[in-house]
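A short worksheet on the structure shown next.
Chain IDs A, B, C and D follow the sequence of writing; residue 1 opens each chain.
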Amino acid sequence: MVQPSKRQLLKGAAAAVGAAAFAPSLFAQASPVRIGYAIARTGPWTGGAQVSQEPNYLLWAEQQNAAGGLDVKGNRRPIELISSDDRSDIETCVRSYEKLMGSDKVDLILPPWGSNANFAVAPLANRMGYPVLAPTALSRKLVELKLPNFFLLLQQPDRMVGALVDMLVANGVKTVAVIYVDDLFGLENFSALKVALRSTGIQVVEEKSYPGDIKDLSPVLRSIKDKNPEAFIGLSYPPDTILASKQSKEIGFNPRFYYASVGTAFQLYRNVMTPAGAEGVLGMGSWNSKTSPAAKAYFDAHTKKFGGKEPDRWASGHCWAGLEILQAAVAKVGLERKAIRDYIAGNTHRTIIGDIKFTGSENTATPGTVGQWQNGEFEVVWPQKVATAKLSLVKPAWK
Amino acid sequence: MNDRQVLIRDLLLLLAFAGWALALPHYGSEFVVSMALTCLMYVALSSSWGLFCGSTRYLSLATSAFFGIGAYTSAIALEKMAWLESIALGAGIAAVVAVVMGAAVLHLRGTYFAVLTFGMTELIRHAVTYFEKKVTGTVGRVLTVVPDRDTIYLTVLGLAVLAVFVSIVLRRSRFGLALMGIGADEQRAQTLGVNTRLIKVAGFAMTAAFAGAVGAAMAVRWTYIDPHTVFNPFIGFQTVLIALIGGAMTLWGPLIAAIVFSVLAETLRLQAPQVYMMSLGLLLILSVLYLPGGLASLRWATFSGWWQGSRGWLRSLGSEERKNG
Amino acid sequence: MAEPLLQARDITVRFGGLTAVDAVSADFHAGELVGIIGSNGAGKTTFFNAISGVIAPTSGRLLVTGRDLAGQGPHRYAGAGIARTFQTPRVFPDMAVAANIDFGLKFAGRKRKGSWHLRDEGSILELIGLQAQAALPAGAITPSQQRLLEVGMALATRPRMLLLDEVAAGLTEAEIENMAQLIRRMRDELDLTVVWIEHAVTTLLRHVERVIVLHQGRKIADGTPAEVVRNAEVIEAYLGDEMTESVA
Amino acid sequence: MAAESGDGQAQPGQARLEIKKGFPRSAFGSSPSRGRHQRPGKAVSAVSLVQTLMTLFSWFELIASGLITGGIYALVALGLNLQYGLMRILNIAHGEFLMLGAYLTWMAHAVWGISPLLMVPVSFLVLMALGVLIHKLCFRRLTATSPNLDIFEARGLMVAFGLMFLVQNFASFMWGGDLRGYDYLTEPVKIGEAQFAGNKLLVFGLALLFSGALIALLRFTLLGKGVRALMQSPTGAQLVGIDTQRLHPLMFGIGLGLSGMAGCLLSMAYTITPSMGEPYTVTALIVITLGGFGSMSGALAGGLLLGVIEALGMHFTNPSLKALLSYSVFIAVLLLRPRGLFAK
């Protein structure tokens, strides 16, 4: 166990939290709860990690400490975050977690960003007995690893595209065109989409894959435009989501339903496309500040702390929900990791994005959802029971 | 005589290094061991890169291609084969690819060669992606059969020691001499009877075999591999940087640089990741400008200045370095 | 007469539209000391490059003791006993002088038993007179010493034929004489065929027994120095004077 | 305004669909994976005439979009071509300097509301000054200490590697790793029936303009003569009175300035991150390889060609094959025609 610090309490203690590994234990009353993670602060993963994930960790730790610390079975103990950059490199990521769990022997860990990093960390954490609630891992294969300590918060591909297809069917769509990125995310979503479309009468008039670093989608979009599908589905990442949107606007491709997976839920999307330009665009989104009062509180706190930077309306919510679950677990059973794991696995959790329950590693309580930009806000529009606004049926022209 | 003493000194140093690294898991913390693993990975990669690229001055950026090929091989082979067999297979396939690649590009020199090897690495990455997608329907592979950490550590240690050992032996062999001749003046070496084409392809394949073996051994740590992670050009870049900053033509340079960098990376990464990468860049520029022989040459120059004429073996070390450099 | 060591048959080398060597044929026999002369751009060095494998001839055959090596790499020529030097010495500057010699011994020289003078590093260094510099890096010795070393490196391949490309260029009068002595000794004592290109015709004609004259890529004369200098075509190409003087 | 064009688009589009359905397929055969799509039946001659016309239109649209992308490629390659083609400095950090130009523009636009168009000359000048400075600090010493061109090239590449790490992480340090972007001139412009984004057309136009200017500069001015002389024989150039001490840093600076300008223009059309540089470096390399190192007109032609090849490739096969295609072309040209496609 960690030695209780004998140092005097210094003022502004909370501000020091979240800084780095050597953040001194400034809290006199109780030894800190040490929570470790590695995440991308440099390299290509940074964009996602610094929107959907790390800001939440920092905000959460700050809020907990401001409230007197994390509730550990009734005792308030300050949180000390031990974090480092994984340089968007898997080996560095693995090494960092080996250090956190093996040498530093932190009390808890928080997951890294992205499916690949989670693939690498999950078995390790599982072996060391650390429960992990991953907000940015999306792969059926991760579920199939059947790791008892690993929980995926995001709705898996079948749910997300399932909701999308339900929505399309409900609105009488007959033809769709699909583009998907050439990696695990794109391929899994695409095959889930195929499965979901099978029992419907919807025709796929075009399906094309593209590499992740693509700089020009217009030839593809033009040929899709010629086929005039009622709905466009891009199983895409943020840069290509924006590229596809800009180029669709460029060539005047404006189908009734325009869907692009990741990145639509980002504040960036609205900045780049302007609120009017984003109007009607669909994407992966599961919550916004109207979802619940707690969600609003979170949204406001996040925006305030990070100088106007909004959380995204998809994985940020899951990330926060994961922290809520962890917090509740620690409050209930303390820091005994096996007990935390059992608590997470055995209960239904109330979070800002609604109820979460795990079957194996998978979150099976959160339904698949579809989001849509309406008047500068990304609203949840499908399914109706979690919707924050009504689906707008005809997408206005790009502006 | 002198040469023999240097050989014995080098072998003893290597033995000491191997012994120390071997003992590390028994007393070092988890963190130290995993850091040592990364360090050993770069010792193996950079030393083996220096074997060929250092002495011939062929600047290969294809390390990540061979690393990736090794990684994919072990991902596929481990389901049916034993650990060491998979590693050997990874090394073998990487070497075969290197032979084909080398036969095509090794007649080009300088930046042409560098650019081409880089281009080929990217081509292989995209080809593997496309093939995987078309044939297996997915791009990545999940590794379910995974040996324990000590096995991986010992394997990578073995590869690192082997790479340095081969360097020691090689620079005393005809093969090594031929590589050095190619680096100094390729055509002259040819007119003195060196079949440069054969030697280059063989040297390139040897470097590739090491990179392939390291890739095969390291990939299992990542559970899931896809072309983007295992063919990451950064692995190749970092290998080259470490070798060059350490002194690609020296024996101990890559090893020293790998250790320095691992320590530097771990300490700076925590506080200021960008600063680490920036200082890496700055260090590279400075070393190219002011220390073209690498860190190892710095050590020699300063030492010889201090101890000139005082100790016999030290002088022999100096002349050895000069002969190699 | 015994079979020639090297037979060049209609060797032609073209660079793009330019014909540098135009259907040159020549035989070189064991133990000959042959000079090749020609004005700048006559194709001397290109011809050398062709018969040592450094460039592949566009057409023509190169028979080395009966085997055609045209189009093969220089190492095959070195292996067959044809050694050469380059106009500007191409020693390995970072290696010691002795190691430079050792290089040839370890490769092309390895397969043949050399004569007594070429038995090892030491004997070759003695032959070229660089024993004192043996341990120095080759880059650190004087340019004229580098010329000697260049010859020594070629000798270390234990050749049967030695192609010397302007070995006297840039040397002082005394050094040239020294080099010429060395060349004669090599021919006499090592039983080498020596082919020697020199831009300074005077020097060359004094020492060789047979001269081949190239002009604009073509061979215009082949014979003893005395014959060649009387050749009308040669005189026209060369303005004659200088050569007649030197033979007289 | 755009709303009208967008809404109006659906109707004619639908009508056109009936006729155009078979377009690329009829000419090139179909890949079975590409969806259930009826092939056109036996065509009546009148219909086939219309079809041909529409095909021509589609060809125009496709090739035009390829040319526009190609123009961007050519623009991206300008700076590197100057540095590698003419000075033998393989500036692998090329894309990073481009990124710097993009960030400068983004910052100026997002923070101070300066028009990105105004930033074109500004980023050129800022990056050019930086280039001169970098040349003075690094490459001058390198030129002085390298025994031959081969070693100079290899060391230059290493220095550029260092710059790559330095610049990329400097940007990440300064501006964070988030994706950035803004909306500027994205309104589509109609050319005949085809539509193109305003900013792309601007980029295309400027790419042609700058390539042309550079070609003219190198061919007709004293500076250009000096540069060419310098490449052929540095000592000779010095003899005829060309000041290499000044010309070299200046050329390197102009090269970097061009990268900065390209970055500025690209930031109008694409999202930017600190790690965006590498693909652009690679693209630039491919383009100047196609065109022949150092040839400005070759690079322009090479860029346009690559754009068209990729557009056609993407249309008829699959975008996933695009990377495979460009790398294959790149390697084939390097191996088979190392002096460029257009070299005699």
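What we mean here is this: a residue touches a chain if its C-beta (ideal position, glycine included) is under 8 Å from a C-beta of that chain, and two chains touch if they have at least 3 such contacts.
All values reported here derive from a predicted model rather than from experimental measurement.
The chains touching chain B as well as chain C do not exist; no chain touches both. Note on connectivity: the fewest steps through touching chains from chain C to chain D is 2. Among the pairs A-B and A-D, the greater number of C-beta contacts is found at A-D.
Centre-to-centre, using mean CA coordinates, chain B is 34 Å away from chain D. In this assembly, the C-alpha centroid of chain A lies 75 Å from the C-alpha centroid of chain C.
Among the residues of chain A, those in touch with two or more other chains are 41-42, 182, 209, 211. Chain contacts: chain D has residues 169, 172, 320, 323 touching two or more partner chains. Contacts between chains, counted with the stated touch criterion, involve the pairs A-B, A-D, B-C, B-D. Across the complex, chain B is touched by residues 84, 88, 90, 138, 141-142, 145, 150-151, 153-155, 157-159, 161-170, 172-173, 278, 282, 285, 289, 320-321, 323-324, 327-328, 330-331, 334-335, 338 of chain D. Contact residues of chain B toward chain C in the complex are 174, 177-178, 180-181, 184-185, 187-197, 319, 322-323, 325.
Listing the residues of chain C that touch chain B in their complex gives 52-54, 73-75, 77-79, 83-84, 86, 90-96, 99, 102-104, 106-110, 135, 137, 153-154, 156-157. Residue ranges on chain B touching chain A, taken from their complex, read 29-35, 37-38, 41, 126, 129, 133, 137-140, 142, 144, 146, 218, 221-224, 226, 228-229, 232, 234, 269-271, 273-274, 277.
Listing the residues of chain A that touch chain B in their complex gives 20-22, 41-42, 84-85, 87, 89-92, 94-95, 98-99, 101-104, 115-116, 119-120, 122-123, 141, 145, 182-184, 187-188, 191, 209, 211-212.
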